[in-house]
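Labels A, B and C are assigned to the chains in the order they are written; within every chain, residues are numbered from 1.
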Amino acid sequence: MATTSSTPNSARPALGRKQLFGLALLLVGGCVLPFLVSNYRVFQFTLVLVYAIALLGLNMLTGYNGQISLGHGAFYAIGAYVAAILMDKFGVPYWLTLPAAGAVCLVAGFLFGLPALRFEGLYLSLATFALGVAMPQILKYKGFEHWTGGVQGIVIIKPDPPEWLKVSQDQWLYFVALATLLILFLIGWNLLRGRIGRAMVAIRDQPIAAQAMGVNTAMVKSLTFGVSAMYTGIAGALGAIAIQFVAPDTFTVFLSITLVVGIVIGGLASISGAIWGALFIQFIPNVADQISKAAPWAIYGVFLIVFMYVMPSGVAGLIRILGGRLQRLRQR
Amino acid sequence: MNVLLHQVLSGLATGGIYASVALALVMIYQATHLVNFAQGELAMFSTYISWSLIQAGMPYWAAFFITVALSFALGVLIERVIVQPVENAPILSVVIVFIGLLVIMNSLAGWIFSYTIKPFPSPFPTAPLFGNSYVSSHELGSIGITLVVLLLVFAFFRFTPLGLAMRAAAQNPVSSRLVGVRVGWMLALGWGLAAAIGSIAGMMVAPTVFLEPNMMAGILLYAFAAALLGGIDSPGGAVLGGFIVGVLENVVGSLLGTELKLTVALVLIVGVLVVKPSGLFGKVHITRV
Amino acid sequence: MAKILEVRGLHAQYGPTRVLHGIDFSVDEGGITTILGANGAGKTTTLRAVCGMVKTQGDISLGGARIEGKATESIVRLGVAHVPDGRGTFVNLSVEENLRLGAYTRSDKAEVAADFERMFGYFPRLKERFRQQAGLLSGGEQQMLAVSRALMLRPRLLLLDEPSFGLAPRIVQELFEIFRAINQQDRVSMLLVEQNAALALKLADTAYLLETGRVVISGTADAIRSDEAIRRSYLGY
C-alpha cells in the first residue's frame, strides 16, 4: 500500500464530530432501509453486511498488519460449515453458531498463522493461495462426508424472528447482521486504536524495528491472523444462514480473490472501506452478469489492476483525499 | 512392482509439466523477486489459442509453434504494459496486479471460448510404444518434449550472449546497465520466455485433463510446490523439484486416493516453507538488519 | 586541447537530498583527470551523474554531444565505461562471463578475442582464474576483473571510483602503473576518483578538489602537488 498522506500511518482512525454525525445518519439509514425495499433487496443488503464483516477481518490482517492472504475464503468456508453442521446435525440455535464459528476460526487462524510467521509477504501469499485452492477439495473429502454432506452440501432452515417483533425473516436476519457488524466494528476499532493496533501497524511498516523495540512480533502476527480469521468465520456463518445453503464449490479460491478485491476497492487499512468494498462485490456481479457470465471477473481483474495504479488507497482513501482538499479549499 | 513403475513413469510425465511451469516461475522470480500468480492462466489461455488454430484447420505442429511464438509475444507485452509500471511498488500491490491478471485471463478464456470442457488433441499416437503397459505414447512424448524444451532453455542461458545478459540482468541490474545491457527489455524477454514455456506445458497437459478455463489451477499449485522444493531461485532445482513432485503426487495419490491431491500440494508448500524455505538448492538469504 | 568530457553547472540529488551544487570540470581527450575530496564530498555521485545513474541538472557533454538525461545503458554504448565503487562484479558468474559481459555491446568477435589476450597481458592472474566464480576472487583480483571488464568495452572514457580502496599498497602500485600504460598505449581518457591523493596526483594531468558538493580547487596535478599549503590543508600530506 502506498504510504502517501492518504493512507493512515497511525492505527487511530480519528472520529471528529462531523464523522460521528455522518455515522449516526448512516446508522439510522441502515435501520430504516429494510422497511423501504423488497425482501429480496433486504437479502442482498444482508449479504453486503456479511461481506463487510469479512472484509473487516481481512483488512485487519492485510491492511493494518501487512500480511497478505489470498486464502481467506477458506475461513469463510469454515465458519459457514460450522454454522451449517451445528444447525443441521445438532439443532443448535442460529445465533449460537456465530460465536461458535468465530471461536473455531480464531483457533484455526491462529494455528495457520503460527508457521506462517516465518513467511515473508510473497511466501505467505503462496501458502494462503494454496489454502484457498485446496479448500473445496478438503470440503468434498469422502472421509468428512458424514458431516459436510459432500458435494451436495447442507441445507439450512431460515430462522424466524422472535414472536413479539413484526418483521419478516429477511428483515430479522438483516438486523442480526447489522448488530453483529456494529459489535465487531466497535471491537475492531478499539483494538486498532490501542497498543495492539499500533503494534500491528509497526510490524507492517518496520518489522525489524518493531521487534527491536520489544514488540512480540510472533504473538501479534499470529493473534492478528486469528482475529482476522475469526471475523471472516463469523461472516461465513451469517452468510450461510442468509443463503440457507453451503456447498464446497461456493468456496473456491475465487471467493478469496473476491475478498481481496473488496479490500482493494474499499481501501486497505480503512474500516469504512469495508462497507464500500462490500457494496462493490455484492452488486457489481449482479449488474455485470447481465453482460456475460465471465464479465464480473473480467471487471474485477481490470479494477484490481487499475486501482493499484490509480487509487492504491481505495475508495476510502479517495474520500479522505477529497475531504482533505475540500477542507483546505474552505480554509482559504 | 509393475504398478509402481507405471506410477513413476506417469509421475515423470506430469512431473515434466510441473517442471516446466516451475521453471517459468523461477525465471520470473530470479529477475524480479516476484511470483507470477498468473502463470497458470497464461498457459491456459495459450492452449486455447492453439485449440482455435487447430479448430480452424491448421495442422498440429504448425499450431504448436505459432502458439509458442504468440505466447512469447504476449508475455513480453504483459511485462512492458502491465508489470513494468508497478515494478517498484510495494509487494502487496504487485501481488494484487498479478491476481488481477489471473482473473482477467481466466474470465477472458471463459468469455471467448465458453466454459464447456473441450477435448484437446495429442500429437502422439494412441497406441503405446512397443505395446508396453507402463506408459502411454502421450506420456512418453510429453516427457520427451519437456526435456527438449528444458535443455534448449538451459543451453540458451548458458551459451548465448543474450542468455548471459539476461542472467546478469536478473542478478545485478545495476552492473548490467554499466555494461550496456538494456535491463528493462531483459525482463520483458524473461516474461516472454516464461509464457512460451508455459504454453508448451499447457499443450502437453490438455489432452489428459481436458481443456477448460480452470484446468491449470491445480497444476500451478504443484508448480509452486515444485519451485519451493527445489529452491525458488534455482532453475535446476525447480526442474528437479517438478519431477519429484510429479512422482510423489502419483505415488501418494495411489495410496491416499486422488481426492486430496491439492491438499497434498498445500501440505508440501507449507512444509517446505516451514522446514527449509530456501528449498533443496536455493540460496539461503541472510538479511542484514 | 579537445575535451572528451565537459561538465557545466552539474547539480545532483538522491531523492530530496542535493549532493552536488553546480560543479564544473572537464577531461581532456587522452588525458587523466582526478577528482579528490573527503568522504561524502560527492565524488562517487559525480561519476554516477556522468553515467546517468542519479537525477541531475546541468550540462554533460561527451565528445561534444550532450548526454545528460540519457539512460545508463545508452551512455555506456557511447563509449563510457564505469568501474563503480564496490567493483560491481557479477559474483555468481565466472571471470570469463564477467569479461564477456564487458564486451556485450560489441559485435567485432575477432577483436573481442584479441582483447581477452590483452587483458591477460595486463593481468595474468585473470587467465589463471578464467573459469572460476568471480565472487571467490580476492579483493585485488576482483579489482583487476572490474577494470578489465570496463576495458573490454574499448571505451573512449574510463571512469574509476576509488580503485585503490581496500587493496594492499603493492597491488595498488601495480594497478596504477597499468592505468598509465592503458592511458598511453590505448589512448583511453580517464576520470579518476580517489581518496589517496598522492597516488592520484602522480597519475593525473588535471585535478579538482570537491568539498560538500562544490569544487574548491582546480588546476594541473603538478601545480597542486607542488603547492604545500594546499597539500597540507586539504590533502593531508
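One rule holds in what follows: contacts are C-beta pairs under 8 Å (C-beta built on N, C-alpha and C of every residue); 3 or more make two chains touch, one makes a residue touch a chain.
All of these numbers come straight from a predicted model, not from anything done at the bench.
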Graph class of chain-chain contacts, one of line, ring, star, complete, other: line
Pair joined by more contacting C-beta pairs (A-B or B-C): A-B
Chain centroid nearest the full-protein CA centroid: B
Centroid distance [mean C-alpha coordinates] between subunit C and subunit A, Å: 57
Chain centre separation (subunit A, subunit B; CA means) in Å: 32
Subunit B and subunit C, separation of their C-alpha mean positions in angstrom: 43
Residues of subunit A touching subunit B in the complex: 1-2, 62, 66, 68, 70, 115, 118-119, 121-123, 125-127, 129-131, 133-134, 137-138, 140-142, 208, 212, 253-254, 257, 260, 264, 268, 292-298, 300-305, 308-309, 312
Residues on subunit B engaged by subunit A in the complex (per definition of touch): 33-35, 37, 82, 85-86, 89-97, 99-108, 110-111, 115, 217-218, 221, 224-225, 228, 257, 259-263, 265-266, 269-270, 273-274, 277, 289
Complex interface listing, subunit C residues touching subunit B: 51, 53, 71-73, 76-77, 81-82, 84, 88-93, 97, 100-102, 104-105, 149, 153
Subunit C-facing residues of subunit B, complex: 161, 164-165, 167-168, 171-172, 174-183
